[in-house]
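The next part holds the structures, each set out as structure tokens.
One chain, chain A, links the two complexes that follow: it is found with chain B in the first and with chain C in the second.
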Partner chain A sequence: MSPQLSTPSKVAFFRDIRTLKWALQILALLAVFALFYWLYGNYQENVAKSSIQTDLRFLDNPANFTIPGNDLDQSQPVRDAFVEGFLNTLRVAFIGIALATILGTLIGIARLSKNFMVRTLGTVYVELVRNLPLLLLLTFMNLAVVLQAFPRIENAWLPLDLFVVSNRGIAIPWFIGSPAQLGIGILSAALLAFVVAKIRIRQADKTGKQDRAWLVGIATFVVLVVLIWLLFGYGWELPYVDGRGTTGGLRLDPSFFALVASLVIYTSSHIAEIVRGSILAVSRGQGEAADAIALSGSQKMRLIILPQAFRIAMPALGNQYLNLIKNSSLGATISYFELTQIAQITVGNGSPAVPAFSLTLLVYLAISLVTSLVVNFFNRRLALVER
Partner chain B sequence: MITWMRRNLFRSITDTILTVISASILGYVIFQVFQFVFVTGRWEIIQVNLKILLVGRFPEELMFLVGFSILATCFSIASLASGMNRPLDQPPTLAGKLWELFQRFGLIIATSAFLIVLAGDLDAVLFGAYVVLSIFAGRLFGTARRTTLLRRLPGWLWLSINATLPLVLIFLTMGQAALEEWGGFLINFYLAVVSIALSFPLGVMLALGRRSTLPLLRWLSTAYIELIRGAPLFVLLLLAGVALEFFIPASIAPDAIFRAVTVFTLFTAAYLAEVIRGGLQSIPKGQAEAGKALGLSTFRITFLITLPQALRNVIPAQIGQFISLFKDTTLAGVALSVFDLLNVGTAITKQDDYLGQGLIYESLAFVGLLFWVGSYVMSRESQRIEKKLGVGIR
Partner chain C sequence: MLDSVIAAGSVRCGTRDALPGFAVLNDAGEHVGFDSDFCRVIAAAVLGDANAVEMIDLETADRFTALQSGAIDVLVRNTTWTATRDGSEGANFLQPTFYDGQGMMVTSDSGYSKISAMDGAIICVAKGTTTEGNAALESSRLGLDWEIRSFDETDLILEAFLAGQCDGWSSDVSQLTGLRSAYPNGSEALTILPEVFSKEPLAPAVLDGDTAWAQAVNWAILATIQAEEFGITSANVDSIRDTTTDVGMLRFLGADVPGSDGAAVLDPNLSLPTDFAYQVVKQVGNYGEIFARHLTPLGLDRGLNSLWNDGGILYAPPYR
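Our next item is the complex of A and B:
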């Protein structure tokens, strides 16, 4: 007698898992559509009532405001102001990310130091800064440091006679010449330095000697930049106090300084924790192996631990960079003319709010996407290839 | 001692130099802070404006609501905390208990004592006593849960009993006073609590949606989460400040608090969803499969097996989310002109009596102290819970 197999009975239509799955999805879609329909209906109704613009035509209107330290004319369209704001955001983002990474890495290493004092200093910094709101740091930097602790221009601080620090901003020495020339010079120097470093690494692989690629690369870079400089007859220009302002050099806006400083301080405390965690996550055997082949403390850190730690840290670091870029929108609270501030001003001047702020959001979204693409690219390059 | 110093401070010449440099930086900072706090600081601006800093111009006759909601919050937290405690193998000594208490809440106790001294009236002292009493009552209630018939209560019921009272009181308080009377630290705290409570269900839904096998749900949740996470909170607040009234029926007429709560809720939900998704991913597949083997429906597997474990695993990350929300509530002050602690702090230096005297250091130091103590104690607690849960230690 063959065992009686239970024939698969026909499942009722409304209990069939496939039907249910589709029904659930359609239901969700309908709910979202209903929500959007409701929002859109409200929007149409309210817009019709108040008769405001809903498209991007306002971008062609004259801006009617100027940006300090920029030759944007009042009659130029809002579009140009937005571009300037975008560039200012990028400026803060680039400088902030670079400085925060360096400071954060140093503090992260300091927190793991064998030296008690260094460790304590790192811990105090991280615990103090991490638990304060960024806006508080920014307000403090702006109101208490830049506008109050910095001297008036008449008795500006002149550290080493290289800088001029006053409540009208910080002037730093800068080179004379067009930015394009500077850019080409630095780019070609960097390229050559990179090639030299690569050659060093290849030689080192052959001979087994230390490559010191970074050292040689940076030295090449510096020498080349100085050479290009001398060849083309450029020069430094030192800033000096000139009546009510400064002349020469590069003048950094007080709000720019306050924004970058607070972003760097805040983000570096988070980066320090990431770096610390990643260093701890590098398996112990790696450090012990470095000790076994008698590498010095700094060699162990530079050659063995940090490269592996950064592989682990990369995704979290990328998140912090994104946060820094998004947080740069707080520049609007201290009148630094970045994207958000521009949007706020144009809306104040009568541009329609919804399109203007939506455009701003889209730009931030685009920046975030590009940043995460770059981070993902590096992450893939760095990631261990397993099986 | 000398061996310790040699090992930790003066290993080598570079080490000694580092020690000297960092010790002098530390010493300088500590000296400056001490001088500022005890010698040069002029703290009467804080003392005079203490009430505005803490609660704004909250009407005096409604203050009892604020008081009760704070007491209820203390009660609930105490009862939840002691209700969760598993009995220890060895009962700790009294001194050990006190030491632990000091480590965990010393900062809060010190700050509260400082505030009471600053306020310097009988009401403040009495209120402090009530807070202590309510904490003890909460502990009793929590202990009762462990030892008496209350043990039979299911976890969710216990949680909702404890969460309802403070939340109802907080919502009641928010509904009672008109916006222009609101302000100070109260607004930061309430905004954070209310927004996290509202964003929690949405966050759980989004996390489940993103992990769903149904493509449409997954795409929708992912799109929402990524869009919100790509946008700066400040711009969202600004947008809500000028544009929220376009998207809702004209009958609602949103005020600044409504706008702030909406944005914080929608924003936090996206981040909370990612946190909870992390928790869901940490649950081994076997759990869900065991549920299937028992013949549970997908719904029951999620809400009885995977989700509770996931939520428990990410308690520390959730606290972290709450801390960052707590700090971010300051943005509402600038973006929506809510009279929050930071705004009050900068505004009081512009009063007639204090204008142009450079008192911004004093007021920002006070503002920073409150935020710092709150965030620091919470983050320490989350570390403690993390250790207790043993997440990440295999």
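Our next item is the complex of A and C:
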């Protein structure tokens, strides 16, 4: 007779540990929902009592304010002002992330340099900047650097006669034509350059010769941009001082400069530490192997160490990018017209506070989530494929 | 609200701490100024004690949220009465304490002598106020293409103005006068241009839907105007109450009014003590006194803010 397995007697469902666990979870969830429902009900009640708007109708009202460096008319709806604020936030985010990554990587590498001067300067930079509150850095950048160190418009600096630098902004030479033309030109040049570089890489893979593919790609890009420029006859436009302002070229708002500079300085100090840590985390043998096959110092860094280091750094870098985007809201304190500033102004002009700030909140959330998605995409692309 | 104020024993008054003439902190850390005194007027009327005020400093952009959420009982923070604020901010505006208008201040050496000459100028204003909208409207009306920069605080505008980042500083004339008097380079370095391009009735506000409280605040302020019209000041209020035979003044001060069936005190059922006007004048003063105390030293004229029988528009309904 084979041994019989004793089947457990059926437990009543209300004493089943699994049912109880589920029930507890659902109860907790219900409690949370009830709390939010109660808060929302309170809000509704208070709002109804004092006749405050709660919907997004205010977006159709006239904005009643203008944005520096923008031809938004004060009679355009609040919606348009929000779009401009959103674009200004994106401008700071894009430029800030690009510059902070470059500067941070250079300083991260400098911190590991064998040269005493370079190494010490890197350490001083990181320790100094990382330990300052960003708001303070920004206020300093605005009040001390832009307002005081930059000259008044009457005696503006004119480096090379190409730029006009004053505490009313930095004007740079700019092309004449529509932004769409510029975009299409640059995009097609970039696409062609990318193809050229890819072909070179395939060639190099086949022959095993030194590649320099990306250098060739960049050169192609520059040549193409110049070619398109000449072909379609776009012209430069140089800025010049005109009364109490500047005319011509592209004028960068002084608050834009202060905000980007502070964000880049601050975030790059954090990125430098991430890069340094990631380089140290690359197995020592990799560097020794590179030395063994007689790669030069820069080749070793560029071809062996950094690609592996960035794989490690990617998730932490993503966090820094998100921080930079969110910190750009501090621009509101120095009169840079990004999302938060627009929200504050429009609320001061009579838009209802709760819906206006909720909308702003959701836009930031959307920007951050999209950034996360992009970072995660690259993270998956870069990650070691393990079986 | 009235009951909760009486129960708490103090009025929570939304104000600010850095506007010369209207509300600034003195060396002892007390709020001094025109607006601060109207907070005290309300406390004197409702609670009989002008010092029963809790001054709560607010940022410009936060003031209506503070009112809506019940963090303050009344907002006296040179706030312009506009239709949108009345309608969608849940605020109930009462008797204006000051009739103001928006103007422009420039440095005296800038060469600007009128607003229409300021083509393409950078104009700096405070954020979250009606100032931005008025400036934008004036710019497009005159076709001046102004670049309007908005700052959180007057300190930041001052820094930008000193550094030459702004050509003009636009705000209510009363504010500009106050800021000019405190300018680090001396008040002669600044000029306020003669044009005024908006109506800015600065009025106290309470939360919508509380009639009793609104009435109480309103009549406290009207009492200062009526007192000036009667010629009652903090110095002579006692002697007038004891000696006058004027029925209007006796009613106003909550004194016994002789009648056919004996003496009686007028109680108009405003949910205020019957002697509220006496307390207001005795403890704080009449409108003219408050103005002379805080705004005359800045160089502001009475102008529109004179009594109706003196060329201004201050007019209190009869107290009977």
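Following the convention adopted for this analysis, the second predicted complex is superposed on the first by the 371 of 387 C-alpha atoms of A that agree within 3 Å, B and C clash if a C-alpha of one lies under 4 Å from a C-alpha of the other, contacts with A are read in each partner's own complex, and residues count from 1 in each chain.
Definition applied: contacts are C-beta pairs under 8 Å (C-beta built on N, C-alpha and C of every residue); 3 or more make two chains touch, one makes a residue touch a chain.
All figures in this text were calculated on a predicted structure; none of them were measured in a lab.
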Contacts of A:Lys326 with chain B and chain C, given as first, second, both or neither: first
First, second, both or neither for A:Leu365, with chain B first and chain C second: first
Partner chain(s) touched by A:Lys114 [first = chain B, second = chain C, both, neither]: first
First, second, both or neither for A:Arg168, with chain B first and chain C second: second
Touched partner set for A:Pro307, first chain B, second chain C, both or neither: neither
Partner chain(s) touched by A:Val32 [first = chain B, second = chain C, both, neither]: first
Chain B versus chain C as contact partner of A:Gly183, first or second or both or neither: neither
Partner contacting more residues of chain A (chain B vs chain C): B
Which of chain B and chain C A:Arg152 touches, first, second, both or neither: second
First, second, both or neither for A:Leu134, with chain B first and chain C second: first
Shared chain A surface residues [contacts with chain B and with chain C]: 46, 49, 143, 148, 332-333, 344, 347, 353
Residues of chain A that touch chain C when the two form their complex: 46, 49-53, 58, 64-66, 68-69, 73-75, 143, 147-148, 152-154, 167-168, 243-245, 254-255, 332-335, 341, 344-345, 347-350, 352-353
Complex contact set, residues of chain B against chain A: 7-9, 11, 15, 18-19, 22-23, 25-26, 214-217, 220, 227, 229-236, 238-239, 242-243, 245-250, 323, 327-328, 330-331, 333-334, 342, 346, 358, 360-361, 364, 367-368, 371-372, 375-376, 379
Contact set on chain A toward chain B in their complex: 21, 24-25, 28-29, 32, 39, 42-43, 45-47, 49, 113-118, 120-121, 124, 127-128, 130-136, 139-140, 143-144, 148, 322, 326-327, 329-330, 332-333, 340, 343-344, 347, 353-354, 357-358, 360-361, 364-365, 368-369
Residue ranges of chain C touching chain A (in the complex, touch as defined): 60-61, 64-65, 68, 82, 84-85, 87-90, 120-122, 127-130, 132-133, 136-137, 139-140, 146-152, 156, 159-160, 163-165, 167, 207-209
